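Scrolling down, you'll hit the structures one after another.
You will see chain A twice below: alongside chain B first, and alongside chain C after that.
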Partner chain A sequence: MHRLYVLPTLIINAVIIAIPALLTVALAFFEWDGISTPVFVGLDNFRALWDDSVFWTALTNNIIWTLIFLTVPIAMGLLAATMMLVARRGSKFFQVIYFLPVIIATAITGRVWQAMIYSPVTGVTGLLQRMGIDISNPLTETSSALYGIAVVDLWHWWGFLCVIFFAALRQVPAEQIEASRIEGATFFQTIRYVLLPGIMPTITLMMIMTVIWSFLVFDFVYILTQGGPAYSSEVLSTFAYRSAFYDLAVGKAAAISVVISLFGLAATIFYIRAQATEFEK
Partner chain B sequence: MIRLKLLAATALIAGTAQMAAAQEKVSWWYEQATPDQQKLIQQHIVEPFAKANPDYNLVIDYRGNELDKQLRVAMLSGNGPDVVYTAGPSYVAPMAQSGQLMPLDDYAAKYKWQDRILPVFLKMGEYNGKIYALPKTYETLGLFYNKTLFAQKNWQPPKTLDELETLADAMLKDGITPFAAGNANWRGANEWFVTLALNSVAGPENLNKALRGEMPWTSEPFVKAIDRLNSWWQKGYFGKNYFSLTSSEDTADAMATGRAGMMPTGTWQFQNVATYGKKAGSDAGFVGFPSASGDPVFPLGIGSTFSIAAKAKNPDGAAAAINFVFSPEVYGTMNSAWQGEWNIPLKDISNVKMASEVTPLFTETMKSLSAAVNDGKYGYSTWTFLPPATDSYLINGIEEVWLNKITTADFLAKIDESFQKEMKAGKTPAVPAR
Partner chain C sequence: MNISESRLTFVIVYITLSLLLVITLFPIALTVLNALKPSAEIVQNPLALPSIIRWDNFTRAWTDANFGTTLVNSAVLTGLTIILVCTTGSLTGYVLARQKIKRWKILTFYLLASTTAPIQLFLFPLYFGFARFGLVNNPVAVAFIYTAVYSPFAIMLLRTYFLAVPKELEESALIDGATHWQVFRRVFLPIVSPGILTVALIVGLNAWNEFLIATTFLQGQDRLTAVVSFFLLSGQYSSDWGEIMAAALIIILPIVILFVLLQRHFIEGMAGGSVKG
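The block that comes next holds the complex of A and B.
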């Protein structure tokens, strides 16, 4: 009888997640413009992706994005969190400051950066240009557009990791930290041998989620550059979006979505395995 | 007590519904409109329509930027509005193809649309020999220029492409950006320049052939057109900040203040040109974009279209509403207040009354455009005549050409491949014969 309790969530899950997901997977094997009857084309959509240079640019960009977000914000978050742990005074204040960008709506963050920092008319870039410094809006250069977007997302994101890590660090038993201090460990030794091992499960979880989120990234890219200029900041999700709603190639978009989910699936399997080994210990 | 209140409320709702049912509801989903613009539609369309047609209750639902996507999903499930409002003929073809729209030929006969609407536009709404859509507004591209600056420097508005290039080079020397242009808010701005190059370098005759599939897009005239456009980009005509400036306000400001000399853009910019010109105290002029021969070509574009859903609950009401929009009164009142967006393709606009504050430049331009269309001397805009995937590639691909990622030949080869594929699938919009 108690199994009935899962029924409501199961139904919701089936209706809004499982069925659309399965339909998307199925659509990846069809050619469909979103209006007329879908035509079965087998693996054609995937074959077309394989030959499409934009697909490879987008995939590479997603991988670069993942690497950036696996390192920079996690390092920044860990550093700031340990510092707040050591210097307790003012830590509440800094937590609020660091966390503030997280609660600002993505669209607003994007527009603020676009207009106040990057814009050559109204932003800091423009100010520097008028002072005679030869600097251009990073979002408009093919070589820097992706990094320009990553900076905005980092600014908005790392505070979240910082607060999560800080919460985890406070769970590390105080006796362990005290003991290391009595033993004469330096600040970095304390981090390396006491704090980091203490919060390893949290870090692993955050890293796996980072991989999944990195392959889903859409909002900042779409708001700031829409994947341009010349596809240089295209990621898989913006590519799928354009295929579906501008090119009216829903089948191709579904195929791209399947590729995105494969990466998420790999990360999830890795996570479940890591969890399992932890339990065995 | 609560039950009593509930009962009373239900009775009240039922009563109002009964009253509303006396009038048949006509639903129309509209795109993005500011509260002021919504007020204009209410004042100049909904209210006078209600007065003229007491049987129908026209309800406009503002769906914002997502209109197209919502429409597509709603039409699939058969729950769409009566009046189907799309972003252009290339959206109509797939809908007509899959039987989601109603042929309008009977209504065209009933309301005598053939006599009242410019024939080219009726032709453009055809699919398989039947009318499925009426264009709401038509537009063209041309060259705005800063008249005050031109007088100061003793420059003449260019007529030929060579004159344009000489003038632009002179501007570059003086530290003035030749073209006020940007795509930060609207990536589609890229295709305005491609459209201009295709029409003025390759010419409308060649475009007509290519659009009917009689000539590949890789042919020499198109190569020349894209090469020439690219040379303008490489020389810096579009300025340093193209990707950072908005195609509407920033560019109008740049031209009005004289930081840029000219602005190749569409008739939808008239309002901004007037606003920013007033602010900067400069005058603006408008000419057709220069061409090889010196005769300007006006590329024709359609902003949006009206159709009736095949599953419309009230097709007669929808036809009456569409018909109402095609009147000199609506043309005059809407165009006076909201220039460029309501340039309804009426055959005869001599009776139209425009408000006195509308710039004469706009009225003149629209008259010469209507004459050019009537004489068959018009060009083709890519957003109206290319099928969706080809157009989407054109917008993004041209950036690759400008930024030296691919060559003109690669670009055109991809355009051609995509176009032939979509043509085979029946997705290309109708192209009237020349």
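The block that comes next holds the complex of A and C.
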């Protein structure tokens, strides 16, 4: 029975993802320190989150993060991809360079930005300060820590979108572009009425994925600020991680994870719908 | 295909693209520049050229990040993950491409959904479960976690390669008396091998760079991956940043070389599977 070929995948998936995920949902209703016997507490974990200001900060930060990443990197990616299409010569070269940050480990990118750019001692910020420019390390201010982290993730991420959009733009039939030129469309009209509609499915898919990823963001926050200072850059995933492994409040961590998953689930439904139409073909 | 002929448009386009190029390369250039400097000069001016080139930054980084062990750990973990994902993934991709998708819809949707599941949804019970069974600090166990996490993407990508294989090829082999296993091994695998290479590269890249799972499950001094070892080295209070930038380059360099040589596969795979690292 060759259908049994799916078994290895399914068994690994069940043991690593499906069963622990169900356990997490169950654990959200228990109090557990990871060692002793879990105690059933009903909705207490969720009630505690409701009254916890850090939870609301984290949730707000995730929403701000989503809004930033729905706009800035997508706009940058579209701009650069369209320009690469116009430039043609050298577009391969630009594409490879723009993609470099995507392949560098997040831990390394985080530390390079932290020490070489943001640090007032070893970074460019410090150099500017010594030159008399009034500038501070964004990661150490409660008002700017989240944005300081977002800049690093933007640098790391926008090139990916640019490469995807560029690949999609090149699929737009050349005749359509030729035709619009012959009809006398200006440069911007061609972009607005031919190129953008041509790659709309790609843009939509990337926006759905952005929403999903924005609720999963962990690495850069954990590496750069650990959610600080004073929880100002906390996001749900770092909040859950700290609750589980630092405070040993696994039930609370599970409850946060369930909240993250609910937000992700809404976007996932759109994602599956978008993908399903492709599978019908 | 010409979208614009005007000279002004071209000037603006190249200026913008070059500006983005500078933004992209600036932190990378800083890393390279400061990896060659004594740390006192970094404190003075991170942008200045080194007065003397300190190659010993690299040798000290090698010792302090314990790269002799940790790079091997990363390579073993990455290799195991690639093997596991490619074998299990191509088997599943074959079945999904060859069955009427309606009957396999649930499985397909389940796999799609699990590409978007947050790691935190399964991390905590998994960690405490692994701890109970003594699987923490075990690279094979972590390779299985990576396999579960990266498989859905790999399967979706491989499925499209399997779909492109003509049905007649399979049917005639079956009529000639070949078993499904033989068809899979002798007919399909050679044809879809470019897809498997792409999957191996993307999965390898992700496993090599992965942080959250590695830092949670591999904490023993002799079990650390190169990336986690770098993270710990750079988190110490009195840090020698010249040495740390050298350590960063040691981890990045093999990836960049592979990427430049095989960029078409990388970009195709990333675009096809839409994974975020």
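Here is the rule we go by: the second predicted complex is superposed on the first by the 267 of 281 C-alpha atoms of A that agree within 3 Å, B and C clash if a C-alpha of one lies under 4 Å from a C-alpha of the other, contacts with A are read in each partner's own complex, and residues count from 1 in each chain.
The definition used in the following text is that contacts are C-beta pairs under 8 Å (C-beta built on N, C-alpha and C of every residue); 3 or more make two chains touch, one makes a residue touch a chain.
What you see is a predicted model; the values in this text were computed from it and never measured.
Put simply, more of the residues of chain A are touched by C, taking chain B and chain C as the two choices.
In the superposition on chain A, A:142 contacts chain B only, with no contact to chain C. By the touch criterion defined above, A:98 reaches chain C but does not reach chain B.
By the touch criterion stated above, A:218 is placed in contact with chain C alone, chain B being left untouched.
Touch criterion met: A:247 reaches chain B, while chain C stays clear of it. With both structures placed on the common chain, the touch criterion links A:163 to chain C but leaves chain B unconnected. Once the two complexes are laid over each other on the shared chain, residue contacts for A:230 go to chain B alone; chain C is not touched. Within the superposed three-chain model, A:36 lies in touch with chain B and out of touch with chain C [touch as defined at top]. In the superposition on chain A, no contact is made by A:67 with either chain B or chain C.
Contacts of A:264 after superposition: chain C is touched, whereas chain B is not reached.
When the two complexes are laid over each other on chain A, chain A has residues 34, 121, 245 in contact with both chain B and chain C. Considering their complex, residues 33-37, 114, 118-121, 136-137, 139-140, 142, 226-232, 242, 245-249 of chain A touch chain B. Chain C contributes residues 1-4, 6, 9-10, 13-14, 16-17, 20-21, 23-25, 27-28, 30-31, 34, 39, 42-43, 45-47, 84, 87-89, 91-92, 94-96, 99, 101, 105, 107-109, 111-114, 116-129, 131, 144-145, 147-149, 151-152, 155, 180-181, 184, 205, 208-209, 211-212, 216, 227-228, 230-231, 234, 239, 241, 244-245, 248, 251-252, 255-256, 259-260, 263, 266-267, 270-271, 274, 276-277 to its touches with chain A in the complex. On the chain A side of its complex with chain C, the touching residues are 2-3, 5-6, 8-10, 12-13, 15-21, 23-24, 27, 34, 76, 79-80, 83-87, 90, 94-109, 111-113, 115-117, 121-124, 126-127, 155, 157, 159-160, 163-164, 167, 174, 177-178, 181, 187, 190-191, 205-206, 209, 212-213, 215-216, 218-219, 222-223, 237, 240-241, 244-245, 250, 253-254, 256-258, 260-261, 264, 267-268, 271-272, 275-276, 279-280. Put simply, chain B touches chain A in their complex at residues 68-69, 72, 75-76, 94-95, 97-98, 100, 184, 187, 240-245, 250, 388-389, 392-393, 396, 399-400, 402-403, 405, 427.
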